[in-house]
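This is the structure I want to talk about, given as structure tokens.
Per-chain numbering from 1; labels A, B, C, D, E and F assigned in written order.
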């Protein structure tokens, strides 16, 4: 026992040394597994006919109502945890004011408002689904997009996280986004504002920053970044618009980077693959590299040995 | 109860408004969790000695036989669900014809054919494994590749999904591919045809489109796209070859994009990193950018304050 | 029964044909699920106040001690499995010598040394956490970084895997790294040596090769590769430095590739996005592409039909 | 492998020898675990406020509705399995006739009728609950009886099993009864007919046979048997009344045995502990043993050593 | 949906009719599964070396401490639920007074006092264990008694439940007792006061009533009842001594019933099997039936056919 | 933390005080949950067609083989634990001699012998099943007996435990018996020797002692005890025949007690309910109480109020 004991003692000293990192004195935080559970529940509320326990429509109303009650209670609890943390944190950038309203009641109100907005949000998702179906000939069924397109999944979770972010809920929406990032390779900050009919094809490596603004019917390919230019002082740039704006009907091909809070890509413009863009572009513009010269070097006849 | 009740009512109205999206009237679909289970089972059938429940070889035949019977039954069930959905779907691009043969019997036949092909497919995987071992000095053991190389994992799942895709099974192979994409960041459409000795190094961000054709002994690095050029009409381009062909022994470095259904990269050619290629290249060609000029700007002596 | 039976028989023949791949005769290997469990335990040891079962600090010492004992025993077991495999493998690049010391005792010693180093490693992680907080204005709380920044998560796991790699533990550290890659899209080989205050923003697609060396206060963005140049012979290049060195305070923007074992990026240098660098750069240098010419093509007035 | 193999072979031969016992050729039967799950669900439907997942009444309707839909579907499935077995069994005493109505539809009808009767049955259970509360001064709360009185639990399950038994469902009700027996030590055959206000105190060892008839407000103590006299021919006595009748307001003390199908205990009679009764008793009769003579033997002064 | 819907509606009406039984308006109660978990935890605290996860003594202190913290928190929670219910119940026999002290603090105090008493209680259990070992030649090991003697298990749980009962905790101790009854067939009311060195052999069917008092070194066999005589008014007899007293060193053989609150079995007395005793017995008395006359009836030579 | 800490400290002192009881220094013992798992597995091996995962006979051989391999390995492990404990125990009645053969090899041999005997044992169980079917008109199907007759379940487990007991395996068989007791209320010591065609009806409260010997075609009812007379010295009576012998074709009615190692109930005899028998009885004898005089006391006309 001696051996393990000394290891544990020095670990405990390490915790004491860095008590803030271990969060041992502070208010608790939502756990990853709870956020995962909540997000799974919300996803299955959006598309109940596509969830794990398929059943005939008898009793569907009760299954849905039950799942919604559970999701509602989960969300109240996780919002309350998030609020309490943000009202008591030290050394943080976004300390919330305590209010006279008890945290639980605030959380109830925020959760209620979230669920009130869900039906409208589903109407928007329908436009996204249509955009995906029209944008990809490999999509044979609408349901296939819901079940197996990471871009659509990341977007559905983003739209939910964004409702919470807009309402001022701390921490929780960011954790939901990271859940989506983890599952899809697509990293959309919950602060990003995204219009209808949005489609991300393939999607791995896409990054959409916190203050991005995206119009309707925009399409992105894998590896696109909507990012910030260099940031001198993180504390003073919090809340400042640091990421670009894409107007309606813009298409951005894979690997392109659009950077800067004042950069606006005008409506209907097309940005070519791998383009690095740090200034605005007028509507109806196609931006491509002047095709960089390729060097073709014949490697000679393959050696017979290779055969 | 009033409060939750009104939320649920408006959610139910939302479902009614978009009944097609909720899939509530339609035939059921394979659930994600079932596809995940099936794929895990199939992976552990490919490499039984490497699975979770390591045991000595006593009784291995029974463990394998048992797992195979279960996987077989799962697969019959999921194929049957997929077929029935595709035979009854509305507003879809690939409605299958109903046949006189009951769906369950079709599914039995398709599952049987799949398992008949597995041993041969394992022989092909062996060539892939060898390619990975020879292609990466960081690989110390063959088993290490099976256990921890995402490129190999994505490929093993692809080869299984591709058998189903070729046999005309709808939906299920695409869900298996997305499972692999989710786990590895590598997005291979189940329609892609891939030769022996294929190796994807690192792999995050790789996209291989539905109608790609890849020869033997090809090697790709992370971030490579084998994609389509812009698509005017998704309905008419379904089934058309939209993605490139790579002949034998081709190597493509990270971040390169090869686009278009008529683009052929000739045998033994090498495509450099980040190259954007939309036309064919003769065999034995090395394609690189003319090295874009780099600008080196000295940033002066660091300020003493930094010390 | 006939039907399934013949399928199983031919599968068993396939195993016999490729017995090495199925690992059926060889020593067992750590299973993925065990490595996943161990890594989860280790992560929750690093930040006990942020783990799933939040509880008040009463009894924390026992919860931590208990988790540590379990992690310790798991690690001893997995190291022993890894050592035994590496001492008996055939056709492998890194066969370990058997020693007089029984494998279990070696494993005990290695696990003990690992846990001795954990507290110091946590001090280093603290510098990484600070770097992330200062480097991203979107980060509102330190805890948010621990809970939802993939770059920080990948790094925490890397630092643990690296301790094991340095101590000569085979297989296990590579599996831990792939666990991190799977969860974050960031692929850091456990051999890479990384200084304090390291920050990877967003991170999807980042690749850091086995022999990379990274100084203090380095920052990388998504899609950066620290890779090798082409490798003629994998067997002879094992152990050779094939990946670059980044000195202190270097920043590398998204999509850049730094390649080659002799390539050194000098202190305080900045490498621009998408730069492809295969040779060394002096300290205090900014390396950017000469901005490649962009072609702007107006696409005319949108057709009224579009409205 | 040889060793295990021969064991398995001889086990398989044993199955072949006794194929009827292993049920390998016959129709399937309800599994114990499914019957356990169904019974748990039904119990929690009876007293939803006392079940595991206590929640506030918001959303209770949905939770109940959902649980009921699930219980309904489970019951349909288990009844169908039971019916099909009983229609195809060989060498059995109760082979059911096949009918034109498909088994699934019969099962639907039977399940529906069961749930229609549940509310009335709950009214009867209320009288049982009241009887327990009035009969035991140790009961402090009604809820305590529901939560921790085995007599009440066994009775609640019996009343449900009896509905099914009366409707002619084979196998399933008997399995439900055995579930109750297993949990409570009280063995009530689902065929027994039991009036209102029934109370079994303590209950371990109580046996109530298939053709027992019990009036209203009857009370039994632990170890009471309502049994059959000896049975010459099991085949011909199936269905014959073999167990006693207890009229209203009868009390039977612990360990008493009342035997025989023609034995009637008249209303308001009291049967003393351990009485062995094989003939009828008029109403308002108290039946006690003539107190058997006890022998009191002094065992002398305890030896000082004992102190 | 119609069909299920009407079933659910009539179930909901049934709940409304008997709202008190469904406990839907009242304060929640401890759930059975929580009480089961708590009792399992407490059992494993009593004998940590015999619990499921056997490990070497390294780290045992942490495992125990961790389990104790968890059990402590569980117990606080369940006591608080029990107290709140008892302070708000209607139509109940034991409504507790509300106090100024918040329920949570009361619960903390009660849980703390419980755990303070555990070590002493273990010393008493040691005497019980010794009594079992000395009383049964079939017991080969002390540990075997802990692992497989239902009498010892029921007693260990009783001693814990009794501490809570004595301290005035409502509901919870009774549920713990019923847990023990369910597992062992031995029904000991948590109110019973039991001395050291107590042993119940086999035990199925034993009943020990609420106000029983049992001295040291008493031994009971299966089927023994320590019960009440008939109870005219349950409300007025609550708290009255209704069950017998057994002085030190008494032995009671199987199936005997000792009844009545004023019945005292004097020290060192022995009560024979099946004796029905309703009055006191002096110390050092052996009480047996005058052996009831047995009737031996020869059944004649077995028919040769039987051979 | 102070509070919990002192509780834990005093618990740890309690462990130290009674180290033997906590088994903290001794060899480990089989855990209850492992014995439960093993027994479940063995039960499902006996009747594979009746287990939880019903499947068609395709692949049954593999499912059975797989389950058998797992049960075999479990049994080896648990026997080894049991042997090692018995070879190192202190203060125990049955310390086993250590042998030159390593414990693991002994355990292998014992497990192998067990499984070799299983098929023959199933043939015996078939006679028990037939006896139950012929003995109870309420039994409609053979399968019903396997699924829901506690007497049959207890017997099946006993027959397996007895094989181990006979072979000298310590601890494990007793734990299997207590598992059966816990599930059925029937307490059969694994040492009891029981002939073919044995049937226990209802069964709750039945006790069959260690050295009982039971012939063929014996039938017992609930509450029957085959016990020992008083035991002066447990250490010297270990192994001595203390329990009765029942010859072939004996029937014993409910509640009867047959006591003493020299008591023999001759073939074909019938022992009436509640008979207390401590001496031998010739073959073909019916033993009944001279019917004890019953006292019938009319309780007068029921008061009109009662109506």
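Here, a residue touches a chain if its C-beta (ideal position, glycine included) is under 8 Å from a C-beta of that chain, and two chains touch if they have at least 3 such contacts.
All figures in this text were calculated on a predicted structure; none of them were measured in a lab.
Chemist: Quick check on the contact network: minimum steps from chain B to chain F?
Modeler: Between chain B and chain F, the shortest chain-hopping route counts 1.
Chemist: Call it same or different for chain A and chain B: same when shared residue numbers make up over half of all numbers used at their interface.
Modeler: At the contact between chain A and chain B, which are copies of one sequence, the residues are largely different (under half shared).
Chemist: Would you kindly tell me how far, in whole Å, the mean C-alpha position of chain F lies from that of chain C?
Modeler: 55
Chemist: Could you work out how far the Cα centre of chain A sits from that of chain C, in whole Å?
Modeler: Result: the chain centres lie 23 Å from each other.
Chemist: Measuring centre to centre with CA averages, how many angstrom lie between chain C and chain D?
Modeler: Their C-alpha centroids are separated by 60 Å.
Chemist: Return the residues of chain E touching two or more other chains; collapse runs of consecutive numbers into ranges.
Modeler: Expected reply: 3-4, 8, 57-62, 64-65, 68-69, 72, 185, 204-205, 223, 255, 274, 289, 292.
Chemist: Once bound in the complex, which stretches of chain A touch chain C?
Modeler: 3-4, 7-8, 10-15, 17-18, 20-26, 28-34, 85-86, 89, 91-94, 170-171, 174-175, 177-178, 181-182, 185, 187, 189, 191, 204-205, 207, 209-210, 223, 225, 227, 231, 234-235, 237-238, 240, 242, 249, 255, 257, 267-270, 274-277, 281-282, 284-290, 292
Chemist: Using the touch rule from the top, collect the residues of chain F that touch chain B in their complex.
Modeler: 55, 58-59, 61-66, 68-70, 72-73
Chemist: Name, in rising order, each residue of chain F that touches chain D in their complex.
Modeler: 45, 47-54, 57, 60-61, 64-65, 68-69, 72, 112, 115-116, 118-119, 122-123, 125-126, 129, 133-144, 146-150, 183-185, 202, 204-205, 222-223, 254-255, 273-274, 289, 291-302, 306
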